[in-house]
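As structure tokens, here come the structures.
Here come two complexes built around chain A, the first alongside chain B, the second alongside chain C.
Moving on to the complex of A and B:
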């Protein structure tokens, strides 16, 4: 009976509307193209073609001024046997391990703090978000003045008699990378605090109040009630900051130029030195960028998987 | 039918994508441009950051050229200095280099090594005698013997903060980099200030003036680990420990040595005379203290020189016109006219003989101008080996940074530098 009705209805519709619908259907395939066309052209021109070009160049010995022949997997073999590459990969890994937890914890702490109705929160908020609007190159230059041998931080440390000689924040192999991480954390916290704050403002107050009535402390309520409700956003912040850490360039480039030696050279900085200047190895640098691309994909996939699990 | 259209569209896009994906694989030109033809037709002329300051001068020379060679047309384009290298690389990869390019010897190096510009030694070798020898030799990249006709030059003077030098009681003016290190030590001991700031770009010059060749005869091996280099590096490390060079020198940004000198934090600065204007504007009280002297190695003929030249693309369709224009632009008269309204130096010896350069100095700028012109004219300058470009200098500096800060041994650092630079040179040779 149902089938017959459907069939009947469908048949009636078809018989009534066929003349009007048929011409529209004939042309429908290009209608979406009109809407997505401009974006598609931009994406293809500035994203997919360069990506394809990078993929092709990675298998050649091309220089940045042209030339080059196909060399198969040779660039990748060179990459994986290059000590400088592994050093740069190690620094990037260290960057990830240091910067991501620091950003997540600090942003979460600040977001919770700003979300409370504490006195002065209205002043603290714009201060927290100010790094967000500053270009990274400006931030890095600013920190260069703060961290230099006669910079603000060294003057404070010497003024407080904590050190007698200036600390080489930018010139010591042991501290140069940490200084760059510090800048990344300072700059990144504003954005991630904003994201977490938005999530916190959607958290149900009833659960918190119920826990408070049960005698749970602020710390206990935050840890056991509030944070679990924004777990998905915390994971998102971790993924975004991890991807940013993998792609870090400006901070070490401006602060130390990757030095001293190669002690603060990250993968993107290594890529830059290998294939940006005229005459350098565009093919090899393209291969490095593909390796970096795969690393970012892997981190994103892991993060996505964790995110899905945490949302269940 | 619709399916066919869609399949065709996708296939077209994919084919275009694959074809365009091969961008950057253009080979070096096999057929060199013909320079024997008539001087006529249109050419493009690219300069590095000369507009708007020198609009009148450049347009005037172009007009004069077009009048002298009827039927020619020169289209002038100017690019910012910091974008010139990338534009040249992109143009080269796309096979659309300008006909005539104003480039410094470092930026021109990849094109010269790859034979993408005309060899002027082959086409205008008769002009060699007209130019300062170090300028002519600055464009020797092996495969292309002279990749450009030399245009304007820059070479340094030694600027001294007379207050700091006087307090330190440094006897005489340093004539070599070794003297400079000794003077820096005295300045630090007496004043607590640094003597001078070593730089990544300057480091190869320091070694060259000490007799370290940097590369072997055919530029396939780096030669930087010599006893002279080890001694110099160890001395720099001692100065770092003493505070006789700024603590942040190793990771300082390029050109920051001018800032430290302008702030009165260093006693000596070896740089081009044009910096005097910057210091006068930014630090008038330090400018009052400045004395200028001959640069390091002027007596030994090892002072550095940075040469800009006019290179002609090997694929130029009007190569004869392009070469004629390069010659016209770099003629002694036109170079002198440029020098008279700027702080650069001409590359032709005839221009350097003009009284403009030998007149009695009236201020620091004219004194510095006379010193540099004399040094260029008397053969006091030396070109860097063509393989020693910015990439080479950066890699060398990167390896010696930790030796300067005392974290690694000087000899080990130079051995590592030699290995890394040899790898770089061999990758270029392939």
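Moving on to the complex of A and C:
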């Protein structure tokens, strides 16, 4: 039953006055090296070197590290004239447009739903959050079965006589991407409901009570008093889920392998098919990576500017 | 329910007690909330219950067909046994355990060392290094996936445990959790130890580290959940199926000779259990870590 307490930890810490931060000390010259050296070595090897390499390879026709000749902007020209790339980019865009509003609305709804002192809510809360710890690869594997023609969803839909024939959630090129979005939303709501609930529990009750005395309905108070107070967190959830949508790989990969055809191939899946198997084009895939990077930076920049405005 | 109120600051706790005494929740609200909460729980637990139902069904009982039944007529644990005998689930689990053990250790050691340096040691370029760390936190791993693969292969680490763990050996969030923890340790403690003539490393090990045990637990739990969730990187760097972690291994079951959905469901459930156990027993650490992670994100 510690759920509620913990969900507020971050907020509470902000409200309690923090003890004066201890000063940093000078030590002999080798001491800092002992402490940050190991991380520096790892980061130089597995972060800065690959990042720099990505920028170099993107302008070559390399198929391995350091190999290949300089080709200028040719890879980017190829990317932007490739119909397969545009299809994948379109799928990722659609993913973002579908998943982000669904996650924001549903998580907000769930957070408000369980933000109550009612008996039993303390048991419901950890259950609703639980998808956040389940590995996505296994969640997607489970949903591959749930969404199959004999699966749970088809059983329920047929049981309720909503459909007569099983729906091809994974085999229809129109539904495959949507099915992947469904899995993203199902798992994502765990984490995002938790984040929003933590924000709700830090909302001051005084405004709410004043509005109640003025005769405002519950719905009205929630919409005009409570939600505006957690606007910053709502925007944060939108940003986090938007970046996650751009990076999506596991759900379509496990559910459909990007198919049928390429109907659920997203940007990272495209990147995966272009650059991972042996003999593929590392240079071209690096250029795709940079396009993805720019997309993530753009979404983050838009998100943070919205968030700055909403916090004012 | 006392925890809910206890978590609030004093004035709002009093307010909460006034307006939200259990008796003051109206019957309508109670009914509406409960029905919606039941619907939400069914949506979360339904897919899991469906896996469990299938996993418990014997070979004689159909898993397909309409209408299917949720309660197996003749429940059996055979499928869980088959998961270990017919497919190498045990090996996959061992691989995952090894990856998690090493990953949690490297994350813990590196985050603690770096967090300490960023919080308590003055060195040239510290502010710059902080800024670089914050910036790299915004870099999606997928962007450097191809080059990381090339580098790791170049080091001869493909198909090795180190190759799986090292590229994501430490998370930036963990570093910042530890930095925050070390910043909050009172200066007098360190001062006293230094006066006693202890060296920098000794102070770190026997004075500072014990003071941040809570955050160490948070970082350990987060590290476990991260490594257990890893999919794309192991999929890319490992080509030998004998080295696969469970997340990757179970994906190839549906294509395998024993494409029995009962066994796949059993295997899926087994993979989900360890993180769920950690979650239910260490909720405090999970939530604290996620809250800090979200704020940093």
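Assume the second predicted complex is superposed on the first by the 265 of 312 C-alpha atoms of A that agree within 3 Å, B and C clash if a C-alpha of one lies under 4 Å from a C-alpha of the other, contacts with A are read in each partner's own complex, and residues count from 1 in each chain.
Please note the rule applied: a residue touches a chain if its C-beta (ideal position, glycine included) is under 8 Å from a C-beta of that chain, and two chains touch if they have at least 3 such contacts.
This structure is a prediction, so every number in the text was calculated from the model and none was measured.
Colleague: Quick one: classify A:302 as touching chain B (first), chain C (second), both or neither.
Modeller: neither
Colleague: Let me test your reading of the model: by the given contact rule, A:255 touches which partner, first (chain B), second (chain C), both or neither?
Modeller: Once the two structures are laid over each other on A, A:255 reaches chain B alone.
Colleague: After lining up the shared chain so the two structures overlap, which partner does A:53 touch, if you call chain B first and chain C second: first, second, both or neither?
Modeller: Both partners, chain B and chain C.
Colleague: Scan A:172 for contacts with chain B and chain C and give back first, second, both or neither.
Modeller: After superposition on chain A, A:172 lies in contact with chain B alone.
Colleague: Is A:77 touching anything from chain B or chain C once the two structures are fitted on A? First, second, both or neither.
Modeller: In the superposition, A:77 touches no partner, neither chain B nor chain C.
Colleague: Which of the two partners, first being chain B and second being chain C, lies in contact with A:120: first, second, both, or neither?
Modeller: Second partner only, chain C.
Colleague: Which chain makes contact with more of the residues of chain A, chain B or else chain C?
Modeller: Touched residues of chain A are more numerous for C.
Colleague: Report for A:282: first if it touches chain B alone, second if chain C alone, otherwise both or neither.
Modeller: Both partners, chain B and chain C.
Colleague: Please work out whether A:68 is in contact with chain B alone, chain C alone, both, or neither, and reply first, second, both or neither.
Modeller: First partner only, chain B.
Colleague: Does any part of chain A touch chain B in one structure and chain C in the other, and if so which residues?
Modeller: 26, 49, 53, 57, 64-65, 144, 150, 254, 276, 282
Colleague: Considering only the defined contacts, which chain A positions touch chain C in the complex?
Modeller: Residues in contact with chain C: 1-10, 12, 15, 18-19, 21-28, 31-32, 34-36, 38-39, 42-43, 45-47, 49-51, 53-54, 57, 64-65, 110, 113-114, 116-122, 124, 126-128, 130-138, 141-146, 150-152, 154-155, 158-159, 186, 190-191, 194-195, 198, 201, 204-206, 209, 212, 218, 236, 240, 243, 246-247, 249-250, 254, 268, 271-272, 275-276, 282, 285-286, 289-290, 292-293, 296-297, 300.
Colleague: Write out the stretch or stretches of chain A touching chain B in their complex.
Modeller: My answer: residues 26, 29, 44, 48-49, 52-53, 55-57, 60-68, 144, 148-150, 166, 168, 170-173, 176, 254-263, 273, 276-282.
Colleague: Okay, in this complex, where on chain B does chain A touch?
Modeller: 2, 6, 13, 17-18, 20-28, 85-86, 88-89, 92-95, 107, 109-111, 113-114, 116, 246-248, 250-251, 253, 389-391, 394, 397-399, 401-402, 404-405, 407-408, 427-428, 430
Colleague: Within their complex, state which residues of chain C touch chain A.
Modeller: Chain C reaches chain A through residues 1, 3-9, 12, 15-16, 19-20, 22, 25, 29-30, 33-34, 36-37, 40-41, 43-48, 50-51, 54, 63-68, 109-110, 113-114, 116-123, 126, 129, 136, 138-140, 142-155, 166-170, 175, 183-187, 190, 200-201, 204, 225, 228-229, 231-232, 236, 246-248, 250-251, 254, 261, 264-265, 268, 271-272, 275-276, 278-280, 283-284, 286-288, 290-292, 294-295, 297.
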